[in-house]
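The following pair of complexes shares a single chain, subunit A, combined with subunit B in the former and subunit C in the latter.
Let's look at the complex of A and B:
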């Protein structure tokens, strides 16, 4: 029983970290209808730079780096959208070609990290990385708790931004009806750029937070991108709230699965659930079926 | 249309000899330049990657369904063959067929849920499967399987000379290419192309989209399984899950396919012979200092091609050839054995209506007013919106039925229910007395219900002739027959001058005629036409009307949705008025257009009163 409680708590902690990353993916998908396969690679890049290297070079705390990553990756995301993805979007079969292109891009990010900073697994060594609180019989890691709190602030900020600012509202409008937006004088390219940038910035910050308690390597993105995708599918593809719930569920399933199967098969359990969902409810938990014509 | 054997043999030679020649020449060049084992290995890899990419190309390039989890099949083939060899002593020559079967069966299970998804969901969904299987294999202690050495020799597929593997790989490649060439010329290939461009339209034209995709998927998978097995035996002593289930496999295959050109026969071969040696040489040169350099080559090539040359190398070459061909005034690109050149030139003659003189599709013996189609008590709602409520209509054979009603009245929904795109919540649709409400559009098309769409749904990248052929394939499985039907239909519809132009460049009028031609080529008994006059001028409206009337005179029942009431009235035998999902008027055109309900629905209550007073 204690074991189960412990697993649910750590499932929630892991799940929220997935939720943050998945929210960025869902935002990009919801607005631009593209699947960003390089999404997790951006998070991994943020784990190295600024998180790992700022700590190594100047002793900057990873939680401060997370704050630095937000604007840094916002700019990087904006440039990626305007310089690469914009060239493909809107053409015929652009859904597939953007997917393939971002896959190529993730390959580049991963391998440049490999060449630049070696393939050795890295770990952040800060006091809070290993320290824990004991609540009853449940152990709660410090770094994960701080990450959870910051993640909640981040998600709250994202919703505020989308609902309260002009540009946020423009993003939501563009997700609904891009053509209508264009007629209303909204610059779609700029809006798409900001949406993509926002998605990447959120994800990169989430990556920094994740790095405070998890070891990582250049190809870590490969192992989480499909988890993120599963979260988004569970949440019904286009909804950010859905992706958050999806991420949370995935985290809990992943942790609880160790009650049933070996720990090396954790992700297998996650993907099985994902496949099951595809069979039974492809529109996700919150999603609606689309009209055909 | 004659189908003489000599001509057939001639095209057979024309179709397949380039593959044979390319593979023989490729093999000979390889033997000459491959002086050491290192070069031989690289050549082996070129052929293997070319073959793997070509197999992938069937479902992903031709069918447009990009399988990100393709390594699943490579891995299944490799593992099945190696495990059978190791534990059961089954020779790999037999084992590869078990490997292919395993990959094919796995593909059916993967395809069942995922092939229903839209293309990019499908792409990412398939990637979950290798991620499920490979940790399970690791967990079972199979992450490294040593291929037992059973002495050099034919039966164990173990050779000292790498060139033997090269020969095997060349044969594999040649077989794969020959299969693709065969597909390109067949109904299956045309249908795949149609699905890639417009799934809805393909379904409506009698293509069983799901089954066609599934067949292509299983074929791609089985070939991938064979290649995986040969790859394992030729290049590995130790089979690891990473080597055959790794993400790098799909990345390279995608890269090679995109750079060469998706859905082209020669693209993968050309791109593999550039990218594979380049990657291997760079890896040998800089790999120690920069371990990811090979993947950077593939990634960069992928991105650069997508941005600057989306059709790929071969796509660009064939565009150039086509362009030059046209400049020289050559014959059309599509040529079939025994087909005559569509020589007659001349614009689509707008002044004259196309002559439609089909022999009646159905025997219209005696009961002229026998209903061919009956809609009984159909209801359909979307969420809280009732699009149709209890609509019943009887449609007599060989007549023109006009359906009018304001926007949102449920007209298109009614069409979608009749031809299977939507399932009704309640009610029946009887076609020749049989309930068809739960059949799919492609089944209905083959039964004899064809349609055109409100927003034209044509296969943009196919030629006009190919578009019409897709319709003709609904009843004819041979390409030659479909070609003949398509040409005949095009002649009747006066569409011959643009037969070999891509559909994307057509005018609105031509697009409408194309959609009608394509629907007629399916040999329908009932034709559903959704707003054929939208976007046309009054003169053209009347001409469309004449065409529809001519079609109905050949025995085909025509149901038209139209807002241009004055043109519709001229041709309709019967009319039905819909408003807010209800049938509000029915009868002769005169009756319906003077019906108070209809006047109110179109013009408001004020006009209804005025009309009543007058």
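Let's look at the complex of A and C:
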């Protein structure tokens, strides 16, 4: 019983991390229809800079670095979209071009980290990294709990931004009907730039939070990008809320599957449930029936 | 009109003149500033050695450290006169990146060995990678040295491979009874064990031997959790099982450093006191110093780790070389010291062969039998000879037990090579 409870708690804590990263991916895909293969790589970059290096150089706590990462990666994402991705949007075969372009970014970022900071896996060693609260026989990690709380604030902030600000509403409109937006005088280039930047900023902040409780190396992104895509598809492709739920479900399944199958089949179990779910509901959890973006 | 033709002719002459002058400067400059060793007609040509390791991908750190160690070891050979029987020829590494994949290992070795001047090869860290690179060198007839431990490496009947480290079956047979002895001396009785780790070739060899040896000692295996190397995303379910089953000892194998860190963090987080006994010396990697206090009393077995008899110069060279080209390491671990089980022996083989002919080199290597010389200082058994499979001869096989104490690893067994006394279990 305690074993199951421990795994559910761990699943929720891990799932929320996936959910934040998947939310950024869903935002980018939902607005711009871009499959961003470099998504997890941006998260890994944020784990190194600012999280790890600000701690090493100036003793800045990783949770503060997460706040610094938000505007930093917003700017990086905006520049990436306006200077590079925008060049191929609207051209023929632009979907293929953006796919290959983002795969290229992924390789560039991973190997830039490798060359600049070596392949040595890093861990953040703060007092809260391995401390736990004991709830009965269940242990709840401090760092993961703080990350959960900050993630909830981040997600709440995202929804407020999208629903209560003019630019947020413009992003939603562009996702629904880009042509109509253009006729209404909305600057689509700027809107796309902001949407991409926001997606990257959210992801980078999520990466900073993940770094507080798990080791990371330059190629960590490769091991989670497929899970992020699965979360987005499970959630309903263009739905941020759906991606959040998808990430959470995948996190929980990953942990609970160890009760019935070997750890080596963890991801097999995840994708079996994923395929089964899509068979029963092809549009995903919040696919067509309800979109909160 | 006449003036125009004359001016055009003059411009062409000026351009030609300038081109001749520029080319002359380049050629003369090449002679003046070029590599003096190539200019000196009497220097022996370099001895090229193919070096294929994972320099990118998930195992880039392991591969890069090994390559830096190889460069340091070759530097030591070269600074001590090179291969004297070949006119003082220097060893030169020709490096290939296998990209942390099995296919990459074969492709890289194939690519590097296209150079007909390659006389020997070294590679490729993971047993699975070595499996594929040695298939290439076997086909090309190039003697290859490999640090691989998997028993399956020498079960293929290859004639061109050399393995200066003992197989896992031997490492386990030497070390595991010592671990039980260690527990007994600490007043602990080991009745149950559990396997946790990846399922690559070397690991499976280790588990198999551990089961045989522990079985003979009456120790029962009560659980097994294995995964494909590089696929572990969270260690919670595994450590939850360890906590639930509560074995007396865990037999652990996890070569990917990130996975080791995940497991050790969860062990500490869940306050699991069960001693972990690891089948690989990568546990002594300096990158783990970031969580060194979590590894207190963890034991690892390794045939290559700096010990009492390892020349200090070799250690300082390895650290300096690594600092120059890769990273500033806190100490020399297994990967950085692997080269010293191979390169000095390769140099000795070349010295005795007195030839760049691959067949002669191979035959000389297979007949080698040396002990208590400089080239064998870092080998645990202090000697080197190869059996018919190319593996180090049984009389020279040995293994160290390395243990984390106070934030860094020390060899604690055998006593004549130990730098610290062994302890049992975390406090």
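Definition applied: the second predicted complex is superposed on the first by the 275 of 293 C-alpha atoms of A that agree within 3 Å, B and C clash if a C-alpha of one lies under 4 Å from a C-alpha of the other, contacts with A are read in each partner's own complex, and residues count from 1 in each chain.
By definition in this document, a contact is a pair of C-beta atoms (placed from the backbone, for glycine too) under 8 Å apart; a residue touches a chain by one contact, two chains touch by 3 or more.
Bear in mind that the values here come from a model prediction, so they are computed numbers and not experimental data.
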Subunit B versus subunit C as contact partner of A:254, first or second or both or neither: second
Which of subunit B and subunit C A:187 touches, first, second, both or neither: neither
First, second, both or neither for A:130, with subunit B first and subunit C second: second
First (subunit B), second (subunit C), both or neither touched by A:165: neither
Partner chain in contact with A:275 - subunit B first, subunit C second, else both or neither: first
Touched partner set for A:267, first subunit B, second subunit C, both or neither: both
Subunit B versus subunit C as contact partner of A:88, first or second or both or neither: first
Residues of subunit A contacting subunit B in one complex and subunit C in the other: 111, 114, 119, 218, 222, 262, 264, 267
Residues on subunit A engaged by subunit B in the complex (per definition of touch): 35, 37, 84, 87-88, 91-93, 95-97, 99-101, 103-105, 107-108, 110-112, 114-115, 119, 218, 222, 226, 229-230, 233, 237, 262, 264-265, 267-268, 271-272, 274-275, 278-279, 282, 288, 291-293
Parts of subunit B lying in touch with subunit A, wherever the complex brings them together: 64, 66, 68, 112-114, 116-121, 123-125, 127-129, 131-132, 135-136, 138-139, 200, 247, 251, 254-255, 258, 290-293, 295-296, 298-300, 302-303, 306-307, 310, 382-383, 412, 416, 421-422, 453, 460-461
Subunit A to subunit C touching residues, read off their complex: 3, 6-7, 10, 14, 111, 114, 118-123, 125, 129-130, 132, 139, 141, 213-220, 222-224, 227, 254-255, 258-259, 262-264, 266-267
Residues of subunit C that touch subunit A when the two form their complex: 56-58, 60-61, 64, 199, 225-228, 230-234, 236-238, 240-241, 244, 257-258, 261-262, 265, 268-270, 287, 290-291, 294, 326-327
